[in-house]
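What follows is chain A paired twice: with chain B in the first complex and chain C in the second.
== the complex of A and B ==
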């Protein structure tokens, strides 16, 4: 007798892997954004994606992953460039530039959804906000080993995309480690030495944008933003060196993914009698980790005594 | 064209014009640093002192004129030049240790791609010269009295200690020309003495030192030569002889009419 594939493999394995991979990668790359005080860039990219999706849909008439990905990536890159241009040439405050660009593009996206009829083809706003993690089931054959070629071929596409982004990001951070540290710390010096700090930042931003877009379909914009910012902010409070900070940020991100998903699918049914939205649960977990860290930091800090 | 001669001045600017947008910051500046001497660039705030260095090392575009190093362009000569940026351009909260800052000065080529959080034995396999880089880093930190702080995050050091780490990075580069932007700004007395004696030692060894300096009082004590700048070059020469009252008044007290770009015939 060959046992049938367990519910866990079919229903939970792929979404769990997706959320953990995405959380790890977003928190890893987000740690460099937070370090540059540019955490809001992630917010901007996540919101700017909407018009890109609609335009790609209108042009190609399909919701196939490739055009959707290209549309979203194009829009997010446009947002990054627009922010850079506003800051640099129009001398708008960086935070104001980010705020202006992402609200404008998001509003444009909503308008496009309403006017092009994309709304009827289930490109609805709920998906944009909270993703469709539940749709990432693994249609594994009855009795097949999960490691057989055929089973692996049936892995959902978004999971494979996320795995690719994870591998690329980890590789880039490992081999670019010294370049990242040097160019992000001292731009003028590294530029004078003949390195290309602008290129390093650009590559980092491109990688971040691609990961945001890749995570978007499965996780939705709220979760993407939460994972880009909460784990790095918590890790920054707990560490002194760059290596510890970046590593802890990624681990905290992955933990938020694991804990949030476990709570949504296993804890919630027991506690409140039904499953809850996994994206929301993971984002909440990331926020709670940050809140707990901040609290510990405040309590640990010695109170300044008036006598010194 | 550009003369390729080692007899040429280590650092020279000719008819240098630099502008931010339409507003000229440096106007037609011609000056050169004497080899083996310590030169200070002084002038009031907004006189373009830092801009002169930044333009020379390619951080700010040059409108016209040129900067040369031993007669070569900066690109060709940059391996012989150590540059120390201004304190204000740095985010001191960045989690990087003093030793890691110094290593930025001696990392070359493929070594940039070898992650240094790996265990030492594996780094030795991957990149030659790890041990040599470590001893160079240690030696440079020792010269500025910061060897005990090698593994400290830069943000936990005082302003003077941070400036000493930056000098250690420049020393580790073993350059022939040292360009420093306000190295004495906001440092303690101990750091002041270490900076002065290390820079003096460089000059004695035949290296050339050029520093943007803000304090007119001590220029003559610390530096051999001086260039007084206020958008244009006001005066230059040996420090004691050049810093006359008349020069200082010309540079610091006299309000200068803003220059306009359209008063020149462009190219």
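== the complex of A and C ==
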């Protein structure tokens, strides 16, 4: 007889894998956002998805994950494009453009909730805020092998989505590296070579938006924003080479995921006597990594030296 | 400079790895002691609300280990599963939940738990026949326990489900009949109490729409500030029309609910006072969890006496409650 699957396999394996994959991907893509001073775009998307969710619900009449995901993705893409358009054509400062777009879309979403009758249904908005990492558990049937096809089919869908986003993002950054570097830092060069910087930026934005939306349900928007910004900011303090910065950012992100989850489920029961919310713990780990890095950098820096 | 920074990075990473290793090691020790706490031979039954848990405990009578997920002050509409709750559900042999969307945020969890072959029973959805379920804007009202004559049917349902799990247990039908009779006694208690309220004062205004089954059974008009789920907001319009109702019909009292914020009900009292009608606070009712009453029967008795006393205008009792 096969022994019952361990708690680790049922309760922790899939959420841990999901949070590490998402953290790696978000920190990787976030490093480019931070360089372009667009770090708060994650916050913008968190608020902009609301009208998309309501519209998807009104059209399909269901809260099934697929239409919700498409609605959120559509709204977030619209928000990114609107921000890009405002910055480029109306010459609004990027941070101001982000502020204008997401408040408008969020207000539109609230209006839609009130007018379409979606208010009688629990559109779980708090879930978008705080995430439900704990729900990515793996319901293996008792007496079944975890590695049978049936058990593997029961792996949580968000984990598979996040794994896909991870593979696509890592692939895109590796293969498009020279193009990406040239687009970000050497616009005249790319234009002279007949390359399309707009296309590269657009692809990067599409990838970022999809990853952010795919991560909301599991991780929650607060954690998504923390992972888009903290690891790149820490990496920025540690290195000046673009390659090392991007790689370090991704590694720090994944470490925050691993440490935060380990603390929430294993460390906290010993210290506080019970497990704590994993999303919050991972976000705190990301913040602590940044704080520790900043402290080390300040202590190591010679007092009078110019920092240029 | 870059070399310094690189060594700093190496230091930080080394610390992280050590920390990670430390927390993983301690964790495996902790989980080993956790799993040792279960009684080895008994089947494990998990219930969401106390209203269900009380009946399951009474019917099981010690033949199964019964756990209740929601504490006595938890609002089931807003309950989110933590890792520990998922652990309990996945370790269960049988799960009883209310259904009709009461545990709104838990429904995806229930679906996934069911995938692993664990038996889940939606109590409220199973005991109602035909059109007995109350509807509001296409959504079924989950607060069935508010009508004890319907809720008493939970006992035979639980006995049948437990019988599938414990085929050797002979005492189940007898205990189910006893439990059923005890809950039906609440029904006559409620009838007698409500009969003491003057016809004109039989309107129950509370924080959210939890008392519609109660009102239908005992002939009370029921108004809630928030809708069926506490996740919905009351809104100014709902407050204003309720103030109109209080003033026009000279309704004597309104009620807090122990799992819902007092803010909206206070606004009603102030709104009516501003229009020259003094509404008293009738007391705190236990709607979605037993609160300080502790169990289902005590909670229903508390609700029934509080409502009857306040709506009769029995001033000594209402002053004491304030």
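The definition used in the following text is that the second predicted complex is superposed on the first by the 288 of 308 C-alpha atoms of A that agree within 3 Å, B and C clash if a C-alpha of one lies under 4 Å from a C-alpha of the other, contacts with A are read in each partner's own complex, and residues count from 1 in each chain.
Assume a residue touches a chain if its C-beta (ideal position, glycine included) is under 8 Å from a C-beta of that chain, and two chains touch if they have at least 3 such contacts.
The shown structure was predicted, so the numbers you read here are calculated from the model rather than taken from an experiment.
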Joint occupancy of chain A by chain B and chain C, clash or fit: fit
First, second, both or neither for A:191, with chain B first and chain C second: first
Arrangement angle, chain B at one end, chain C at the other, chain A at the vertex (C-alpha, nearest 10°): 160
Partner chain(s) touched by A:141 [first = chain B, second = chain C, both, neither]: second
First (chain B), second (chain C), both or neither touched by A:132: second
When both partners are placed on the shared chain, which of chain B and chain C touches more of chain A: C
Partner chain(s) touched by A:297 [first = chain B, second = chain C, both, neither]: second
Contacts of A:179 with chain B and chain C, given as first, second, both or neither: first
Which of chain B and chain C A:239 touches, first, second, both or neither: both
Partner chain in contact with A:227 - chain B first, chain C second, else both or neither: neither
First, second, both or neither for A:83, with chain B first and chain C second: neither
First, second, both or neither for A:35, with chain B first and chain C second: first
Minimum C-alpha spacing, chains overlaid - chain B and chain C, in Å: 11
Interface residues of chain A shared between complexes with chain B and chain C: 239-240
Partner chain A, residues of chain C touching it in the complex: 2, 4-6, 8-9, 11-13, 15-16, 19-20, 23-24, 26-28, 30-31, 34-35, 77, 80-87, 90, 101, 104-105, 108-109, 112-113, 115-117, 136-139, 227-229, 231-233
Residues of chain A touching chain C in the complex: 7-8, 10-12, 117, 119-122, 124, 127, 132, 134-135, 137, 139-142, 154, 156, 237-240, 248, 251, 255, 258-259, 262-267, 269-270, 274-275, 277-278, 289, 292-293, 296-297, 300
Chain B contact footprint on chain A (complex, rising order): 35, 174-179, 181-182, 184-195, 239-243, 245
Residue ranges of chain B touching chain A (in the complex, touch as defined): 54, 57-59, 75, 78, 81, 83-86, 89-91, 94-97, 100-101, 103-105, 107, 111-117, 153, 156, 169
